[in-house]
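Two complexes, one shared chain (subunit A), two partners (subunit B, subunit C).
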Partner chain A sequence: MTRDLAVIGAGPAGLAAAVTAAATGLRVVLVDAGARPGGQYFRHPPDTLAGPRGAARHGWAEFARLRDELAGHVAAGRITHLAGHAVWHVEAHSEEADARFTLHLGGTGSVAVSSGAVREVRARALVIAAGAHDRPLPFPGWDLPGVLTAGGAQALLKGSLVVAGRRVVVAGTGPFLLPVAAGLASAGARVEGVFEANRPGRFARHGARVLRNAGKLAEGAGYAAVLLRHRVPYRVGHAIVAAHGDDAVESVTVARLDRDWTPVRGGERVIECDAVAVGYGFTPQLEIPVELGCATRVDADGSLVVVVDAAQRTSVPGVYAAGETTGVGGAPLALTEGRLAGQAVAAALGAPPARPSRRLLARRARLRAFAATLHDAYAVRPGWAGWLRPDTLVCRCEEVPYGRLDEAVRELGAIDPRAAKLISRAGMGWCQGRICGYPTACLTARIRKRAPDVADLTGLARRPLAQPVRLGDLAEDPAAGGAEDADGADPGGGGPC
Partner chain B sequence: MVRGCARRRQCDILLRVPTRDLLVVGAGVVGAACAYYAAKAGLTVTVVDRGAVAGGTTGAGEGNLLVSDKEPGAELDLALLSARLWRDLAAEHGDEVEYEAKGGLVVAATAPGMAGLERLAAHQRAAGVRAEVVAATDLRDLEPHLAPGLAGGMFYPQDAQVQPMLAAAHLLRAARDRHGARLWTGVTVTGVTRAGDRVTGVRTDRGDIAAGAVVNAAGTWGGEIAALAGVRVPVLPRRGFILVTEPLPPMIRHKVYAAEYVGDVASDSAGLETSPVVEGTKAGTVLIGASRERVGFDRTLSTVVLRRLAAQAIALFPVLADVAAIRTYCGFRPYCPDHLPVIGPDPRAPGLLHACGHEGAGIGLAAATGHLLAQVLTGADPALDLSPFRPDRFAEVPS
Partner chain C sequence: MTTAQSREPSGAMRPDPEPFEIIFAGRPVPVLPGQTVGAALHASGIRSWRTTRENGRPRGLFCGIGVCFDCLVTVNGDPSRRACLIEARPGDVVTTQEGGGHDA
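This part shows the complex of A and B:
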């Protein structure tokens, strides 16, 4: 299958890019591992950095419209929507090749791809809009059953696993905590408190007005009202610094923090609970742009993000990025960036030129400024490293305690996060550092007495296999067409190591 | 007699050098072993690396310590010595470096393949290798998940495994904590200092370091260090990919690979070679190799290679078809044109010794390499004749 444009990710950014490009007459393929379009945002209520109140609403309406437009383009054959397909690698061909990119697709994890699944797609241009995932920080006891990421708690809600009467503590930083807490409270859980580690009002040296907007956003979306109605306490400058329990979480220690997030002595108390939802922002999913060699930078929220120009172009010709890939900024910004990327691709491929939209450019500038202000107000402060004890797990998959990471860096010469990963095994398990990569990079840099830079974060973000792929699927060469690669039975040449 | 002369010549070169202090360039497994044995022998050792410990090829390989894949000759002698030394090291550091004396199983798909395997084993036995024939019907007792229909196999109980990064890190730690070695990471060697012909130390981006002797343990970059000293040691990169599966319950007990590689191990073609090599690790993941290509230092993922590795592994272990690969990585084996490492003093640059170019066997051969160099440096008779590994064995290229 060859198309003009391949879009990776069917969240707001990817949808907008696909629909915008298709509207100019380009033939588009939209690939997403999920079953339905919408990505993270539209799987659950609008949340996180959702933009000013009006924009949030607007975003929702726009999503509904995009979904209808998608259906129209699919029906007309302009967009091929490959749901349930994970991209495990994107191959870049020489610049002379007409279709510069080959996307290699598989099912998800060890589940075999269905017989009708597409295994390879070629495209002339690529929009990466792969979104972001939860960013938890480790603390003693965070590996206990019952301790969830904020996003995970929302997913649980959908599965109605959180039953009425359960006692939940929500903690972390960022506006996303509010919809999570409100959702839990509305579903009947007793939310014992929402603990925001930052003091957003106090830290906002600039952009206070925007922050007031953010406050209103919460009210406007009804979260604050919900929390009020359920008598859920909201405390700033507090965090969960430990979770306790034998087989599952039974209580947490909540501490008052100074401005660097070091617990204030005497400011601790224990709260009984049977579930915890923690979130310290989001980590953009950068496997594909990193592997393609797209330039990256460290964003204001500490995440590694892809550098783009005014037209959403990355440093690699033909590759565009939109949405969280370029910096966590919420659905309205993602939609805007997606539209701009779609327009830019159309222009580059010579489709009838869409009028460069001043309105979109202005909106992107405004929403980016808003996101930057939020990142500043809800930044992760260095003191969290002090919550850890030597036996606190940094990596849950491989059960790597902080002490072992510390030993790798201090005693075993692992002076950068990549070496620290290889020697301590933090980030080597099933999640491949998608969850623990950020804290591992931060901790390694901290032990080396410096702030994490692009190289540090890349050391744990580089995953040449962008997604797990079933060996049986990998073994099958789509070009050969047959189920069994002829090479398969032939042991071939070369030595054993 | 020839052998004795060669040894004396090596010692002569060194006797002119006061080598109480040693500088090792490279904190891979080879540099680590050199530092360990030299420091243990009483030398004052400093190790420098431009990156982290095990940040080079050592952090991109598997940890097999093999005798099974080597034909009789200098490399096999080195491997046998190394196997013994690794066993000694394991007595003290076995857990730290995840040493496992798991044994290697080489399987043959066809009767001619099996015949070739038996011929090789006969020669290897004469050189001191233990090799036990495994009948086709017994293969599944050793490896229950092996594909049916194989012609037979050979079991090599001396084959073992370590975790290479941990091996490098803990050898360096022991050299430092017990024997006073120093480790400077993040220091790049940019030149050598000399007095007349003699190498007297190195220049680095952090200043000069004087040393009685310098060991070039820069792996795939060993040729560059040699060039800084004005000598030619041709070390080139040979890329290899590994696939890593999701963690699984113990399923594959030994290192298992196919016999058909034997003729190709010393091949000179630049083309891609792959052979199925499958083994479990302590972490539960299964490592799938191995590929060889001469493509320079290109890290671009090759789908052709990954597809072949997967297909070949499934051909050996059909159960792997339903297992997910979660990671792949590649590294650049340091190889010399004759596929032997470069070990020993360089008569062209007195004071400089080499320990590089170990290709796909550097983890396995590291212990012997370090041990032999320490012997040379302390004026002892090396346990093996080093002449097959001498640095000036390569023809000069006409300029």
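This part shows the complex of A and C:
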């Protein structure tokens, strides 16, 4: 199938881009791994599950409006929505080609698409709105079952209406911990505490910026009220530094931290629990833009992100990016960037002119400034490396302990994270470094006494396949390899390098 | 084009659908229609369904959104499926998985 525009991701940014472009008359294909539109932020259970549809969630009305618009465009044939499809490779053709991009697709398992699955789409322009996933930091015991990422606990609740545990400890850094804890408490879990590693009181320094974003603050205040009502303690300057248990988590050690996140002596206590939700920010999914050669930079939160201009254009002609792909900033910013990207694509492809509205541009500037303020207040501080022991796993897939990574850098001459990966095997397993890439880059750079740069992060973000696909999907004939193997580039052991 | 979206009515209330069962390690596990295999197992107090290749350690849900591959499981004989992504269907037979998934 060939369309004017292909949008990757149906979260806030991708939905906004697709709907905006379709409204100008462009024909759009919207490719998304999820079973339902909304991405991680507007994740909601299928209609078969009785429960909250999300109406109480912040920004839900705007999402519902976009979803209805999407349905209208789908019915009219202007948008083709491919749910349950992952993009594992994008080919860029010469600038003369009519359809410059070919997207290769596979199933994700979230929807049964084996019959009628689309394997390839072509498009004249591309909007990448692939979103982000949790950014956990390792600590002793973080591989015990029952320890979940904050987003994982949230996805269980929002997608399947399952509460992560009876007694849950929430920890990490960033405002996202609040809705996670509030959701768990409201759903009946006993939240033993929210442990925020930073001291976001510092935030007050940015008074003006904060006041201009009163909406986000009201949202935070709403969650705080829920936590208060459920008597959930909120402690700043504390972190989980170890989880304990035999075959599942039974307790955690929470420590008081200094400003650099080094545990303070005597500031430790043990809390019993049967689940943990932990998150230290987010990692944007950069495989496709990196593969296409889009210019990247290290954002204020330490994440590798795509560089875009005022029209959301990347450095590669015809490729646009919006949402967390250009820097973690939350759903309102993603919606705004998506709209701007949709308008810019329409203008570039000669659809009836829709000048970027000044209101959207102003909103983007304001929300980006607010995101920068949050990144500053909730930055990851270097002391977390002190939580690790030599036998603490850094890479969960390949079971690479910190001691082996340290040895690769200190004794075996790995001068950068990519070399450390090749020697230690950290980042070479099933997840291809999506989970351990950030900590591996930080730890390697730290041992080399420097800060991780674009090259360090790119070395661990470059993947031969943008998304894991079943080998059967790679075969020309769907019947040729369907039963052959499973998800992952190389399920037998480690990924290709 | 059939997609999850086009099948989804806009917010219409439906009668509560009947729960059903899947089989895990020989015993029944209740499922609410629409739940993933991983969510159903977790809700039943089952925290792990795989052991690692190197150290034989138990693993279950971690990222919950298909990124980390910790929750790999064998469903109806098909190994290394991400339990957090696949929707459970009545009668699914879910088995534990060891190492690379070929010797479950």
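The criterion applied here is as follows: the second predicted complex is superposed on the first by the 430 of 497 C-alpha atoms of A that agree within 3 Å, B and C clash if a C-alpha of one lies under 4 Å from a C-alpha of the other, contacts with A are read in each partner's own complex, and residues count from 1 in each chain.
Everything below uses one rule, namely that contacts are C-beta pairs under 8 Å (C-beta built on N, C-alpha and C of every residue); 3 or more make two chains touch, one makes a residue touch a chain.
Just so it is clear, the model here is predicted, and its values are computed rather than measured.
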First, second, both or neither for A:237, with subunit B first and subunit C second: neither
First (subunit B), second (subunit C), both or neither touched by A:338: neither
Contacts of A:248 with subunit B and subunit C, given as first, second, both or neither: second
Which of subunit B and subunit C A:33 touches, first, second, both or neither: second
Partner chain(s) touched by A:133 [first = subunit B, second = subunit C, both, neither]: second
A:323 touches, of subunit B and subunit C: first, second, both or neither? neither
Which superposed partner A:430 touches (first subunit B, second subunit C, both, neither): both
Contacts of A:89 with subunit B and subunit C, given as first, second, both or neither: first
Greater residue coverage of subunit A in the superposed arrangement, subunit B or subunit C: C
Overlap of subunit C and subunit B interfaces on subunit A (superposed complexes): 109-110, 398, 429-430, 468, 485, 487-488, 491-493
List of subunit C residues in touch with subunit A within their complex: 1-6, 8-12, 14, 16-17, 32-36, 39-40, 42-43, 47-48, 52-55, 57-70, 72, 78-82, 84-87, 100-101
In the complex with subunit A, residue positions of subunit B that touch it: 27, 49, 51-55, 59, 61-62, 64, 66, 68-69, 109, 165-166, 169-170, 172-173, 183, 185-186, 240, 243, 245-247, 255, 257-261, 263-265, 267, 273-277, 283, 288-292, 301, 303, 306-308, 310-315, 320-330, 360-361
Subunit A to subunit B touching residues, read off their complex: 89, 91, 104, 109-110, 112, 291, 398, 408, 411-416, 418-419, 422-423, 425, 428-430, 432, 463-465, 468-472, 474-477, 484-485, 487-497
Subunit C contact footprint on subunit A (complex, rising order): 33, 35-37, 40, 45-50, 53, 64, 67-68, 70-71, 74-75, 80-84, 108-111, 116, 133-134, 143, 145-149, 151-156, 159-164, 247-248, 396-399, 429-431, 434-435, 468, 485-488, 491-493
